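Labels run A, B and C following the written order; every chain starts at residue 1.
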Amino acid sequence: MKTFRQVGAVTMMNLRSLPQRFGTSLVIVIGIGGVVAVLVSVLAMSTGMIRTMENSGRDDRVIVLRNGSAGENGSSIPRDSARLILDSPGVKRDAEGKPIGSGDTLRLLNVYRQEDGAEVSISLRGVGPKVLIVRPEMKIVKGRMFNPAVNELIVGKAASKQFKGVAIGDKVTTRGATWTVVGEFTTSGDSHESELMADAETVMASDHRISYQSVIVMLESPAAYQKFKDALSSNPALAVDVNHERDYYKRQSATIGKVISVIAYVVGGIMAVGAIFGALNTMYSAVSARLMEIATLRAIGFGSTAMVVSVLVEALVLSFIGGAVGALLAWLFFNGHVVSSSTGGVASGHLIFELAVTPALILIGIIWACAIGLLGGLFPAIRAARLPVATALRAV
Amino acid sequence: MKYFPLIWAGLWRKRTRTIFTMLSIVVAFLLFGLLQGINQGFSTVLRDLNVDRLYVSAKTNMTDGLPIAYATRIKAVPGVRALSHWTYFGGYFQDSHNPLPAFATDPEQLFQVYREIKVKPEYIAAMKKTRTGVLISDTLAKKYHWKIGDRIPVGTSIWTNKEGSNTWFFDVVGTMDLSATGGGFPGFYINHSFFQEAAAFGNGVVHYYLVGLNDPKQATQVAKTIDAMFANSSNETRTQTESELAQMQLKQLGDINFIVNAIVGAVLFTLLFLTANTMMQSVRERTSELAVLKTLGFSDAKVLVLVLVEALLLCLFAAFAGLALASLVFPVLKPIFGNFRMPMIVVSMGAGMALLLAFISGFPPAWRAKRLNIVDALAGR
Amino acid sequence: MTALVTLQNVTKSYVRGKQKVEVLHGVDLQIASGEFLALMGPSGSGKTTTLNLIAGLDQPTSGEVVVGNDRIDKLSRSALADWRARNIGFIFQFYNLLPVLTADANVEVPLLLTNLSRAQRKQRVKTVMELVGLSDRGSHKPNELSGGQQQRVAIARAIVADPTLLVCDEPTGDLDRQNAEEIMNLLKALNRSQGKTIVMVTHDPRAAEYASRELHLDKGKLATEEVRHVA
């Protein structure tokens, strides 16, 4: 307990004298703040992207693709197969007994980003007539739903904000037809808001393509998944893969999410090394400036533990503040910032997502900050403990 | 110059502090060198791209494809030296999550357009003779341990063949050396004629026409002619130079330039703070020494310069060390970016930033040193 | 007598906070070439201030300060710096050597302000280090030397550029008796054999005995005068 009291006393002395060492203390706060701000901001990108992708999905919705496809774009399901899939056991049916599902067909088209004019590919998704039931989270927020058999389409909210030429009333040109934008939709902020939607049959008719890319199916309940999957795999006429919707979207963003995270940690790591040196600098000066004080305390009888802990606590307090400031800055500037990026792959559409500075990220940032502070304070702390008291007292 | 020992000694007054400050600067410039180097590297790669090649794709989206019938008309455009095409085949070998960079093409013409690819003439001849032949890059051959004569099964989720199967078989008839091209260049070529015959649907479609030009200066002209030729048809074209195509693809990744600059800015700002603080501390501790120098006859201006030069030495030395480290890392990035060396411009930018850093962090303490009043300083005030 | 230094009706005041403090109230004095003058007085009498004015470290509020042929009260700060380099050698109570430089390098510093070549500078340093008896300690840093040795290096530094005037502020203040004697003997030798004019502030009467003349200051004015000639 004596040690504890000592530690407490010395630490309080250190902390109280902090304002005198304002300049040098600020170095740690700003240095670490910078590292954490950058780390958290970049991680917010991958978090945001993954979040948007993960949001896309319900536990009771399933996406069926051609056997061996990496994604919807690389899949092709003929009409007969689609019919078989929709009629399978486990699929929820509506009041008239018809299966709740949609054969989706995808096209890519070129549009221009509003902010920098860059040309990007986005998806036009042809959907079945039951789309609003298959996707209950989908709401038309402006204009109206498209009519079937007419060249009309609706635009996702995020897409309409990011890209030129897709506002209500605009005309969009694809290979086979010219479409009019008649409405805007939301889907709880998931990846579909980066898309355009139209009637699947109309799309397929416009360019004489006869296969769907995927079949989206609503299950009776999440528990019906296995029943449905087994039915499909035991059918020799079908060569398909069945995925939980959530899993599918998670996979799509996995690679690029990982890449961004790696970059975040590499850059953050390098910056952290720099910050450690900065912290070392500051803590060494803190110790040097108070050599007399430390030597006197040691002479009086305060033990090494008290000295070490007090220096470390000082370093920790400063780095915590720095980390909090950095995370706060990242949150202030970048949380909710909308970005559009391709999710990678040869033929994939653009994804629009918001940077998400989540509490988890803020925690990571603060942990990094404290780690840097600890590492930076370690050697100076040891120095304070090992100081040869007599020489120190004399030299000063 | 003769003041150098004096200045150098001043730097090392507190050895640990100077070393740590220098290390912080080294790390910061290592990051700067890496990030800006990559940034500039992209620009350089883009700039050095072949200007005597054009890429023709469908205007609505490359995935819509163009009819094979366009070939004769494009070839006939004046200025066109060679014409080949790519149709994306994709597919995978064993693992469906690991796609192959497979394209159907006209091999003979392909290597007329890409003259920098090294491939033996007998391989091209073998491709002509073998319908199911495939040419693979050295890298792919090494990766999957394929040899000439191997029969490779390729799975595909898009192209069902006429026999109703989703697995196609190809025979390896030759390898190519793609080292002259950038990373990511397709390295698996099958005969377009075979693909045409065997695919159950989607044949007669080409995703890119590859145009080799007689004269790079005619690039814009030829591009305009081609697009005009098919304007208002049901399959309008869009023709780009290689550089334009690459730039477009790069931009899709996001505004890399902005991100790099933002990070570098944040790093340098925090570094500025650290260095300025160090210099300030150093000057504060040396008040009496600087006063002594003034006593001895060093003018105020001289003392200012002394402190500034000290800051400069610190920053420049450490900055160059950081940049040197960064340039050592670049060969490691070769597989991603191709032949990559630290661009000279990054070194100059780095030097500039170091100078700026030295000046901004060194000026306040230098000014303080200049204004030091000898009498007060010596008296400890 | 050739007056090397002349102070005429010199006053000096400072502003401390809101108060104006007058340190010197009209001082007149003359110092002959080749003199060894001791300036004495109680704390706050203005003796250090007078020394600073003579050495060109500070300028009077009013009055004239002439050293050699120069009206140094009229010079600009940079001109004054230049003037000091050529004319003054300063010796401090706490030596004020640069801790990061060796003894030789410390002594060389004033020469950096001249146009001498490297070889010439090294030669001069060698000469004066021999003069103060520290040739074998040239490569040591100040923290490796005793107090007395450090002061001798400081003296070497003060004379290396061959100044007109040597100015000392409590040169023996931090030394024990034996070292103090050595230092004073050295200064006396410089005065006698080299003809160096020396102005020294001290409140050690034993140190003052080495001087050829004593002046006392009290509350910013010159008090009694005592002249002593040492045979």
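Simple rule for what comes next: contacts are C-beta pairs under 8 Å (C-beta built on N, C-alpha and C of every residue); 3 or more make two chains touch, one makes a residue touch a chain.
These numbers come from a predicted model, not from an experiment.
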Just how many steps, at minimum, does a route from chain A to chain C need if it may pass only between touching chains?
-> 2
Reference chain C; chain at largest CA-centroid distance = A
Rounded Å distance, chain A centre to chain C centre (Cα mean) | 72
So, in whole Å, the Cα centroid of chain A is separated from that of chain B by 25
Chain centre separation (chain B, chain C; CA means) in Å | 66
Contact set on chain C toward chain B in their complex | 52, 55, 57-58, 77-78, 81-86, 88, 90, 92, 96, 98-101, 105, 109-110, 112-113, 118, 157
Given the complex, residues on chain B that touch chain A span 14, 16-17, 20-21, 23-24, 27-28, 30-31, 34-35, 58-64, 88, 90, 92, 96-97, 99, 155-158, 160, 166, 201, 234-235, 248, 251-255, 259, 263, 266-267, 269-271, 273-274, 277-278, 280-281
Note which residues of chain B are touching chain C in the complex, please.
-> 2-3, 5-6, 9-10, 12-13, 288-289, 292-302, 374-375, 378
Residues of chain A defined as touching chain B within the complex = 23-24, 26-27, 30-31, 33-35, 37-38, 42, 65-70, 74-76, 107-110, 116, 118-121, 173-176, 207, 210, 239, 267, 270-271, 273-275, 277-278, 280-281, 284-285, 288, 339-342, 346-347, 350
